[in-house]
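Scrolling down, you'll hit the structures one after another.
Shared chain: chain A. Partners: chain B in the first complex, chain C in the second.
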Partner chain A sequence: MALSTRIVPLVAALALATCAAAAPSRDAGESYVRPAAPPVPADNAMTPARIELGRTLFFDPRLSGSAWISCATCHNPALGWSDGLPTAIGNGMKTLSRHTPSILNAAWYKRQMWDGRFASLEEQALGPIGSADEMNLGLDEMVRRLKDIPGYAPLFERAYPGEGIAARTVARAIASFERTVVSGESPFDRWQQGDARAVGDDAKRGFEIFRGKADCVACHQGANFTDDGFHNVGVRQRDGVDDPGRFAKVPVKAMKGAHKTPSLRDVAMTAPYMHNGAYRSLREVVEMYSRGGDVHDNLDPNIRKLDLTAAEIDDVVAFLQSLSGAPVQVAIPQLPN
Partner chain B sequence: MTTKSLLLLAAALASSATLQAKEIEVSQKTKAFMLQKSPVQALHVNVGDAVSFRNDDPFFHNVYSESAAKAFDLGSYPQGQAKKVVFDKEGIVDIECAIHPDMKLRVEVAK
Partner chain C sequence: MALSTRIVPLVAALALATCAAAAPSRDAGESYVRPAAPPVPADNAMTPARIELGRTLFFDPRLSGSAWISCATCHNPALGWSDGLPTAIGNGMKTLSRHTPSILNAAWYKRQMWDGRFASLEEQALGPIGSADEMNLGLDEMVRRLKDIPGYAPLFERAYPGEGIAARTVARAIASFERTVVSGESPFDRWQQGDARAVGDDAKRGFEIFRGKADCVACHQGANFTDDGFHNVGVRQRDGVDDPGRFAKVPVKAMKGAHKTPSLRDVAMTAPYMHNGAYRSLREVVEMYSRGGDVHDNLDPNIRKLDLTAAEIDDVVAFLQSLSGAPVQVAIPQLPN
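Here is the complex of A and B:
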């Protein structure tokens, strides 16, 4: 009796000591549960016909001035819906200044593009088509071309009855297809649901560092691992390009060199990394954060030197790798004539 | 009306404005502007009133507006800090957090 009363406070004290030793989580109880379905705007309900039309348009190079570049040229499903390049190659083989963002889970983003200049997937879908640097096809010419391809009329009619072939229906169809490009259930998700063996101890430790010592959750929050925000995280320049980022849209000092926080789901599939592809691997990215960024001009104040050990960096990388689900299976469409 | 009485009237008006000017506390929590612990999208204030913005999230927030009635940038600041803006002109002031652009607050400033 006397022994047990002495042991209980000792056990309690040990438990307290263990809690104190672990870094406190700073994510304020964010949920990491993968949502069942993406948000869909009221005026563009997802239907099989709209998804099919959108997928067809997504893979059709005739949506570019050269008739040689499709959405899928840069957003290649075999490369994590990006292109594997540091920065995109556009019309006339011109090398562009930003990395092609994966469209995986773009359905959840509250703003699209690295600088957030489009508010929705519907707005975004026409941007690269009309951009002289990217697909270089005027939208009027796009509509004329699609009307000249007899096979498209019935696809549009099934998707948007009575609305015809127009920039608006093209945009809405592509957005509908993009909302199907979502990451699958990952080992991390299975672990969160209670399967302790779904991920290794390294990934489990990595998640604690991610939420604690490294404070990655200051920006990568919640189920899609993003705050839908904009930060200058100190990425090193490539080819002398000093990218103003969000500042071009929002002329507030904090936005100089700031770019959108991307999702981390399936991040292992989308190397190289950051808005300019300056880092080849997840390890290089975590090392950059551990150094407190590589460029300190107007650095986001959430970024600070972390001094992670090599083992801690391995653990964070293992955690990031545990966020990969089975790749989306997409049927390559036969394009209409 | 004499110059003296005009001055007295002006002084009386100024002092009553000073007495009535209030300070409203707005919190930034879970990436939303909150008034008394509830999300708030619009505030009605009078010319001369101040709003204090306190960051209650464990990461940095920013507060800025580009509106003609009050253009300002409070910069980025961490949990526990507060910064104040005095609304000195009538009009509509649209405020956002530059870092988290879904955080929006409209302040309608009346005379």
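Here is the complex of A and C:
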């Protein structure tokens, strides 16, 4: 299916190129239907007790060296599960070099982080905790701390009977919670289900451009609007940082400056944009793509000058805005003591 | 009434002193009945729109210079609306010298902050935002920023029609929200209403000691368990900080080292304790009072050696734990952009 969704829009793009005045039409496109439950690893079935423990850990600042930074500090539910900043702030309030990726729909990603260095949510969950630049808490110390909080023992026992408080159970619980942080039904989804009035004509035209003339679906494809791949799309540098991206993990030329394709669901909630937050608004991002990228060294072959008109850019932005669903409602836990 | 609650327990204490084996008895004590709605200033009536705006601002990190620290970062709903740390962490992750006071029941305080330097929630709300050590955002810049976020204009217009985005409306909205952060009904309250089984015998005995032998009610009196006064209760120093407390604002000898009497409702949720977080647990606090304080310079006349037995200390702790109500449920807002 991934292959066909990559090819069909290219054909559609060619068709549109010779028929620019074609009326916008709703796509039957099953591949854009909002995904159901995310995949779950065989050794970490989702249970209410695991989700509850994960939610508790996610909001607990004692998972940082300072006991002041929780997962939710940067993956802030009030800001689309990101932080609203160009690049993240970490331990000591040091400014880091990459934009905090939203947790939303991370459940479907095949690899986690901008450079894809973690293969699962379970692997990823411990990364920022242990990183000296981020939460700065050694995992042994994390386990000691959690064991010192009597209220945690029963939560772990209910979630992972007999397994105890350990890095592995912490990681699996947080991953279980993160699998509940998924986008709600959006106007786009309602339109796809047949409600012609769910989105405006601008969003409908924008979707045609998105999968046609602009060929955004070359990478932002399928239900989660991502190919789970890595691409150098010509993002301008910020503060002189030349980020190798995926190349640091997979040293082949195509990966130089390549970053993971993020989901576009709820994308309107997570400004600023790109791996380094260099673009403040969706409009700025679409304009960058229209120019064919801002840095042309090692550019992904999918990126080319589009010369969208201002009206077309408006339409694509309207389409992207139509991908915002009702916010995930997560109650703030009462942390154990 | 304040006068009578100060005198009666002293009499009761004397009575208990001569009759140590007196059976615990439930107090009719109207003064301990959970308070109804908090007082509201005439110029800031509580409306749903004001509470909603205040909630939004309370969770918005853009009210700090770094755009990373919100009111909720330190007044964390997951940690009893405090931060679980001995003393607060501020801008640049600098450790400050005082414990973050809980927002819970601040609605009833006659003065805000440990040193009482603000007379109302409205005054207080802007203090930490503008403080270079805390959120570090000048109020003019705060107003400019909020005006630059289009989604805020309608929230302000609904809350304060015609008044616009200004320091005064920000302060009043946050104060309106804070007046909703009040303790829920506790086991103690149910006991006071006549449910004899709502608390254990230990808590009942602890309450007798609290208002009798230990005379805690000399300061922790009435429905909110505070006299709204300032007292030097002999708290040990942390990190060599000699905190003048209320004396810095009211330079009379009795105020040297005196800090505000906090409410005890939900006190089990807000460890560590005292203005400098020097005591990790309620038991450590009760032990300190039993010793007659740890520093005896300029001690409040209400503080004296109590020599409570280990069992009596257990009972007072059980009573304090019975003051925890169901947590305030506050939904995380979606911040405007």
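Everything that follows uses one rule, which is that the second predicted complex is superposed on the first by the 307 of 337 C-alpha atoms of A that agree within 3 Å, B and C clash if a C-alpha of one lies under 4 Å from a C-alpha of the other, contacts with A are read in each partner's own complex, and residues count from 1 in each chain.
Note that a residue touches a chain if its C-beta (ideal position, glycine included) is under 8 Å from a C-beta of that chain, and two chains touch if they have at least 3 such contacts.
Because the structure is predicted, anything quoted here is derived from the model rather than measured.
K.L.:
Have a look at where A:A271 lands relative to chain B and chain C in the superposition and call it first, second, both or neither.
P.N.:
second
K.L.:
May I ask you to decide whether A:E287 touches chain B, chain C, both, or neither, giving the answer as first, second, both or neither?
P.N.:
Neither: A:E287 stays clear of chain B and chain C.
K.L.:
Thinking of the overlay built on chain A, is A:N302 touched by chain B (first), by chain C (second), by both, or by neither?
P.N.:
After superposition on chain A, A:N302 lies in contact with chain B alone.
K.L.:
Pick one for A:K253: touches chain B only (first), chain C only (second), both, or neither.
P.N.:
A:K253: touches chain B, not chain C.
K.L.:
Which of the two partners, first being chain B and second being chain C, lies in contact with A:I89: first, second, both, or neither?
P.N.:
It touches chain C, and chain B stays clear.
K.L.:
Quick one: is A:P327 in contact with chain B, with chain C, with both, or with neither? Answer first, second, both or neither.
P.N.:
Second partner only, chain C.
K.L.:
Determine, under the contact definition given at the top, whether A:S66 touches first (chain B), second (chain C), both, or neither.
P.N.:
Touch partner of A:S66: chain C, not chain B.
K.L.:
For A:E312 in the superposed arrangement: first (chain B), second (chain C), both or neither?
P.N.:
After superposition on chain A, A:E312 lies in contact with neither partner.
K.L.:
If we count contacts the way the header does, which residues on chain C are in touch with chain A in the complex?
P.N.:
By the definition above, chain C touches chain A via 59-62, 66-68, 70, 73, 76-79, 83-85, 89, 91-93, 268-269, 271, 327, 329-335, 337.
K.L.:
What residues of chain B sit close enough to touch chain A in their complex?
P.N.:
Result: residues 30-31, 57-60, 62, 64, 66, 73, 75-76, 78, 98-102 of chain B touch chain A.
K.L.:
Note which residues of chain A are touching chain B in the complex, please.
P.N.:
26-28, 110-111, 116, 215, 218-219, 227-231, 246, 250-255, 258, 300-302
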